[in-house]
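Below is one structure, written out as structure tokens; the observations come after it.
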Amino acid sequence: MNMIYILFTLMFGGAILTFLAHKVSGLLRDTLFVLTVLASTVLFYTKIHTGDTVDFSISGLSLQWGINAYGRIFSMIVLGLGVMASFYSVSYMKGKERLGYFYFNFLISLMSMMGILMSHDLVSFFIFWEMMTWSSYFIVIYNGKNVQRSGINYIIFSALGAYAMLMAIVMVYAHTQSLMIPDMMQAFPFFPAAYKIWLPILFLTAFTVKAAMMPLHVWAPDAYADSPMAYTSVFSGALSKMGIYGMIMVFVTMVNYLPDDTWFRETIAWLGAITAIMATLWAIAQDDARKLLAWSSVAQLGYIITGVAVGTPLAMLSALFLSVMHALFKATLFMAVGAIEKQTGTTKFTEVTGLIRKMPWTFISSLLAIIGLAGIPPLGGFVGKWMLYESLINSNHYILVIAIFFASTSAFLYCYKFLFGFFLGQEEKEWEHVKEAPALMVLPMIIMATLLLVFGVFPGIVLKPIDLGMQTLGYSTTAGTFWSMSGLFNEWGNQIMMRPLAYAIGGTFLFFLIILTVKGFKETRYVTTKDISSSGEVPLEHENLTFSEGFYQPFLRAVCPVMKRRMMTYYQGFGQGMEAFFDYLRRVYSGNGQTYAIYVIVFVVILLLFKNSLFG
Amino acid sequence: MVGSPVLFIAVPLLAAFLIPLLGMVWKESIRILPGLVLLYMLVLAITLLEQVMHTGTIVEILAGWKPPWGINLVFSPFTGILATLMILMGFIIWIYSYRFKNVDFEEAKKYFILFMMLVTGSVGIVLTGDIFNQFVFIEITSISAYALTAFYKHRDSAEASFKYLMVGSLSSMFLLLAIILIYSQLGTLNMADIASKAHLMKPEFKILAVIFFIVGLGIEAEIFPLNGWVPDAYAQAPGPVGAAFAGIVVKAGVYALIRIIFTLFDVSGTHQFLIVIGLTTMIISEMAAIRQDRLKRMLAYSSLGQMGLVLVAFGIGTEEGIFAAMFLLINHAIGKSLLFLSGSYLVYNSADKYISETNGMGKFLPVTSFLFALGALAVVGMPPFSGFWGKFFMMSAAAHANMLLIIALILSVSLIELVYYFRVINRIYFYKKESHITPKKPTVNAVIAMATLGVIILIIGFYPDLISGYLHQASQALLDKGKYIQDVLSTGQLLTH
Amino acid sequence: MKEILYYTWGAIVSFVVAFSVGITYMGLNRKITARVQNRYGPPWYQNFIDVIKLYSKKTSIHHGVMHHMGPAFIMVTAVVSLLVIPILNGNKFFPNLNFQGDLIFLLYIMVFGPLGMALGAGQTGNPNSAIGVTRGLSQMAGFEIPWVMALVALMIQYKTTSIVDLMNVQVESGRWLMFSSPFAFLAAVMAMLGMFRYAPFDIVGAPQELASGPMSENGGKYLFVMMSAGSVFTFAKLTLYVDIFMGGADNLIILVVKTFTLYLIPMLYGITSPRYRTEQSVRWFWGWPSFFGLLAILQAALF
Amino acid sequence: MINDKNSQKIVDIIQNFARQHSLWVLAYGTGCGAIELPPTMTSRYDAERLGVRGAATPRQADVLLITGYLTTKTLKRVIRVYEQMQDPKYVIGFGSCTINGGMYWDSYNTIKALDRYMPVDIYINGCMPRPEAVLSGFAKLQKLIQAGKADGAKKYKENLEWYRANQKNVIPNWRMPEYNW
Amino acid sequence: MNFTLFDLKIVEYSFFITAILVIMIGLYGALVKKSLIKVVIGLSIFDSGINLLLISIGYITSGTAPIFSPALVKDMPLTLENIKKLSEGMVDPVPQALVLTAIVIGFGVTAVALSLVIRLYRHHQTLNIDEIKNLKW
């Protein structure tokens, strides 16, 4: 039996066994869950090699699974995050209900993501895509909060995308008589003109829904925020990347062959930029950490989309690199929020403050992740952003680079809000009992945050597989021209060497830290956060002077014109209009038997009247 | 040969009459007998089907009259699959309703008699080769359906039944009219004979006959303006009957319509008409479904939408389309029956059957809720469940026939369908139970029945090859009109020799 | 190893120069402000005294690790940006890392410190600090736009993102970029007003409202490091402007003259101005400065 | 090198010079004396030329200026502010109210002698002292600093218990973090 | 106007015309009348009209019953020609058989309908079809 079959059997069987083990014992269930993820990761990395394929057929459709170097980039994200999140969730989900259900869907979504990456044909791609949708949907509604809002929004938009993709798939199938993705790619240049426009649009609809691009993003903040944090890390980190995975394929294999691909690229790139800006602004306005991170995910995906759409080698490199980095830091942050939620029971900035001394490891990992998210050197986020800016400037996207820059500058605002809201500010008696999260939750965060730092200083580690993947997509190798182990170059030959810069940063920091610490060491003392210079006034124990309500009110006042309208209101209006219309329409079923009889007669009469035009 | 197709009609009919007699002797027998009969029929059907797949259509002649004159039963791959499906559904519904009206012997007796009649009529519609005979079977089905709809005395079921009856009797008259027209023109009632002589008919009369057929059969096939009765009847009938309507009766109606359009006449425009009417049915009923606040009405409207989809798939007219349509038919029979069966437990103890009354049932009825969700996913067409394959084959057939706009329409309507099913699933699993509802645990037999359906959904979902071979042959059989005519008429000649 | 020592030496030298020049500028600022206000004013070396005094404070308090590290963060920004910016033309006298970093790195390293310090300020639990930080970040989102627009305009015009290349362009052509790209210069200078946080953009530390904002809990050695960082950073920023707009400098004297001339702009503008509110400030930067930035980009793209 | 006595002396001289010429003042505007500060700071008298400059928070301040009478309620705040200041720190009592209660000598809710509650380095006499007097007070303080005699903070630390007792005597609801130096 | 032709036609078409008239009356009753009883009556009339139509198709003016009685057959040999000749004036028997079946079915339907009407009356205390609208939309 082929290893690929074994991989899927393992994951699917593991899911079912975990589900069943839930009835037996909690320990068995957790063990099975973690073992499944670990085993499939090990299997994937030891036994399945780039280029392996397996053919089979269902009902006369010949299908193929396999893995190529491009899929491996994303499998790195999926399995890596999967392992981290599985350890995390064992601890995070302890004591919650319906764990069999949760783990089952968790594993199914991991499996379907791997399936997406390993599908070489459109039907399995679609099947795995839909499996991913419903399994993640079932986790989104797991908490039972806002089910009808976040869940239904998610499923509507996902289904919209999936159906668009289905349409595209059958169009391709009808035209080429083959379901293989490579066949489609080869045949694309010879498609009719209308197909050439519609196929990318339909596919992109599907992918941009998952990647939460501007007009189709409204599901994302709610869905990210409402699913359990253990899963949101995978959801936002890996699952949304499936959209990017698809988008890149569409851009490389289809948009390149459009007769006028410029406006297409520009449109998507701008949509990505607008997504980034708007989502950033909305993230700034949030008071709930989960919402903030959710919007931030949307914003970050906006950058990636822009990178993908611009499509120069450097931009593609940056999009892929940012994908990996985003997976790392956003997963860390969601996990941190989960840890805080678990320890304090709330995720509102207005409720929790001053956890830094209680949860130091959580703080350190979220600090590193936030630095990565903000794109501040020397962490991984900066490398991705640097490449993105350089690629945009090099490819003459002058205004676009400003838009992206605006988004990423504004991102500092919510970055700070996140750290400040939870960890800084006054330490309160209410949270005195709070302890650091269990080691199983902290370790994944620490590991990922450390990786972020390592990848920032030595981006070559990640860029190497990315480069291999891009060669699969038809790019020529970028090693040496755009990056080396710790250096980056742009098209004009300007360079940036991460290692000396990181040394400089670290050295300066350490030097002055030592000065600060050593100078008057004995006469420097720690005072509590209640001992602040507030006009001589002494804050009482229960008084919390931390500034957390209306955090960025002035800034939001400054940008309020663009935030007046929400995309959601339009969709809601549309939905309500449709429902009203449906309500009106269904009154044809008047409930009166005689009316129905009259319908019969009228139907006959109409058919008789139009019989010539109908059956002529 | 284990038996002949006539047994499919004779045995259940006989059973229907035997039930009250045996009931006098042994009360439990009224419950056991239908099951035995259906099981026998199922075995027979599967055996025959296997045989038919290899050796070709079986034509059975009744009372020794040769085909153009006498009544004959045709067990082709196409009809055979439908008949097997119906019998299978009948059997599962029997398992489900084994304990139906456990304390009330008289009621149970009535139920089982009517149920057997329903199965007889429906199987008869599918198997018969004679249009008037088909008319009679339709009437048998209808009358037992009227009675089953009105089964509960304390609900508004009489109202639903009366509406059904009004529309049903009106359109059966149109059916009769159509038969008259054909007879007056061709002097024959045998389908194969009609098909072979259809070109002799005056075109206007032919069109007229088609129109009357569409109206007459549309009532059972639930096409748009004729389906006002459907939600009422489905909602008011007992749960298993609702499932039987969705799994058995509609299939017979669709079969009859398709047979008329595909085999009897080759009037141009009928395929397009099927597509148009199917789309209309689908769109309007899905739109109505999303606004429902009662579970069974929602399921009924959804059933309408599904049948519309099936009609569109048939309307594509290619072999692929028919294959997809058959797939959809089977999926709908299984999925929708599962939904009706499990849904009626979810709202068992509520008077109004509001969707909101399923809130929180996931905790109290885990198996039922799970199966309901499974059925919903299958009906919606989520991979890897059975519905997806039907939808996919349908789409690709439509794409091959270059009907992209139709695909787009269908997909957007599917979106509506998805929304209301997921709303219910959300309610079942993630809402708090309403305090006045006491959940009713399903009986063991009901669980077995529902689980069987669930397993079938999963099996077909993961391994569609299980049925696709049969379905390919069935769709070829439907399309190959000449073979049908030849099969039927040559059998007659063979017998005379 | 030798390389590291070499660059460390360069860093120390340039740090000393930047520190002394920057702190003198700040003293001059106080002096000039006093003269404008018809006062005698402190001596020009007053800020040296202040810094020494702050250093010689015996005791100091902190509210936690982040608060303790905050000044070190801002020092990193000052020093590393100084290291990335070439101080004199041809990289004379002050060897540094300017080949390893470019303008985009600079843009980002310039927010490293403020963010780190903001974290320190956050940990104090003083609401004034947090308010100051939010104002600062908001304002940053404001002035970064015209600033980046100006930089992008230069980058696309000369097809480089390196500061050294931009300097070389000016040296070779003999024309300062402030004349060949006037709109970019305008936008950049307007952004500089925000960068220096003098009035009317002194909303961050606004003493009358926020009690010096993020720094309100810092005293003694912490304030010392922050003040030194401020002076180094002032010099670094001015040098950057001189480098990319005013043709760089061949020796220190020219550099001092040029930077001081440039420094007069935010200083004099500040002396004569009241204070904006946060949203006014943010909107101001998105108004005319950004418009000039757009013009600069248009100029660069079209000509 | 620093430990060397001579160099320590040089360092002390530099430090004292810096401290003396960089007085950051936290003007605690308690009484009517606050009105005398604007003329002191602005162009007529311009205290900044002496290195005197307003400080925004006690953490940054060197000099605490008690400008007038102190009610017991205000005293609590003043003590807290004083304790929040960093060493070396100086207190200037401003006006006769801080010396002996001045015109509030028989008021039930003002304190009479500031000396009993916190160490005062310099008193500036007058009711109110004119800016000239204030400047002369600052000059005197500078001299004290140069001589290393402005050691109020040290006194406070040494006699903390006494001060604390006096403070607690007049402040009924003492709810402050302990000064654990 | 050809008198004889008209005379013959009107006899021949009179069945059709009558049948259609009866159908129309039935439809009127079923679709317009508000009383349930009248609706059922209308349906029955409609039924009868269809049956009439059905019979009229097989009917031949002044034809004979489709019975090969011994008197008719006499000593003719039963060849195909002879049968054709004999059956020339005969009315087609199949429609009549169909009608018989249809009548039986119609009877059954009417019976069910009437029983439903009784149930409805008990449930709603009215026979007005417009008021029996508990199930709608």
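Lettered A, B, C, D and E in written order, each chain numbered from 1.
Simple rule for what comes next: a contact is a pair of C-beta atoms (placed from the backbone, for glycine too) under 8 Å apart; a residue touches a chain by one contact, two chains touch by 3 or more.
This one's a predicted model, so the numbers in the text were calculated from it and none came from an experiment.
Path length between chain B and chain E in the chain contact graph, taken as the least number of steps between touching chains: 1. Looking at chain C and chain E, the chains in contact with each of them are A.
For chain pairs A-D and A-B, the one joined by more C-beta pairs in contact is A-B.
Chain centres were defined as the mean of their Cα atoms; on that basis the chain farthest from chain E turns out to be D. Centres computed as Cα averages put chain A at a distance of 44 Å from chain B.
Centres computed as Cα averages put chain A at a distance of 71 Å from chain E.
Look at where the CA atoms of chain A average out and do the same for chain C: the two points lie 36 Å apart. Each of the following residues of chain A touches two or more other chains: 523, 525, 527-528, 530-531, 533, 586, 589-591, 593-594, 597, 601. Within chain B, the positions touching two or more other chains are listed as 159, 162-163, 166, 170, 231-232, 288, 291. In chain E, the positions touching at least two other chains are 30, 39, 132, 134-135, 137.
Taken pair by pair, the chains that touch are A-B, A-C, A-D, A-E, B-E, C-D.
For chain C in complex with chain A, the touching residues are 4, 7-8, 11, 55, 57-66, 68-69, 71-73, 75-76, 79-80, 83-84, 97, 99-102, 104-105, 107-109, 111-112, 115, 118-119, 122-128, 130-131, 133-135, 137-138, 140-142, 144-145, 148-149, 152-153, 155-156, 159-162, 165, 211, 216-217, 220-222, 225, 277-279, 282-283, 286, 293, 297, 300-301.
Taken together, the chain E residues at the contact with chain A in this complex read 27, 30-31, 34, 39, 129-130, 132-137.
Listing the residues of chain B that touch chain E in their complex gives 132, 136, 139, 142-143, 146-147, 150, 153, 156, 158-163, 165-166, 168-170, 172-173, 176-177, 179-180, 183-184, 187, 189, 231-232, 235-236, 288, 291-292. On chain D, the positions that touch chain C within their shared complex are 14-15, 17-19, 21-22, 24, 42-43, 46, 48-51, 53-54, 56-57, 59-62, 84-88, 181. Residues 28, 57-59, 76-78, 80-81, 84, 87, 175-177, 181 of chain D touch chain A in their complex.
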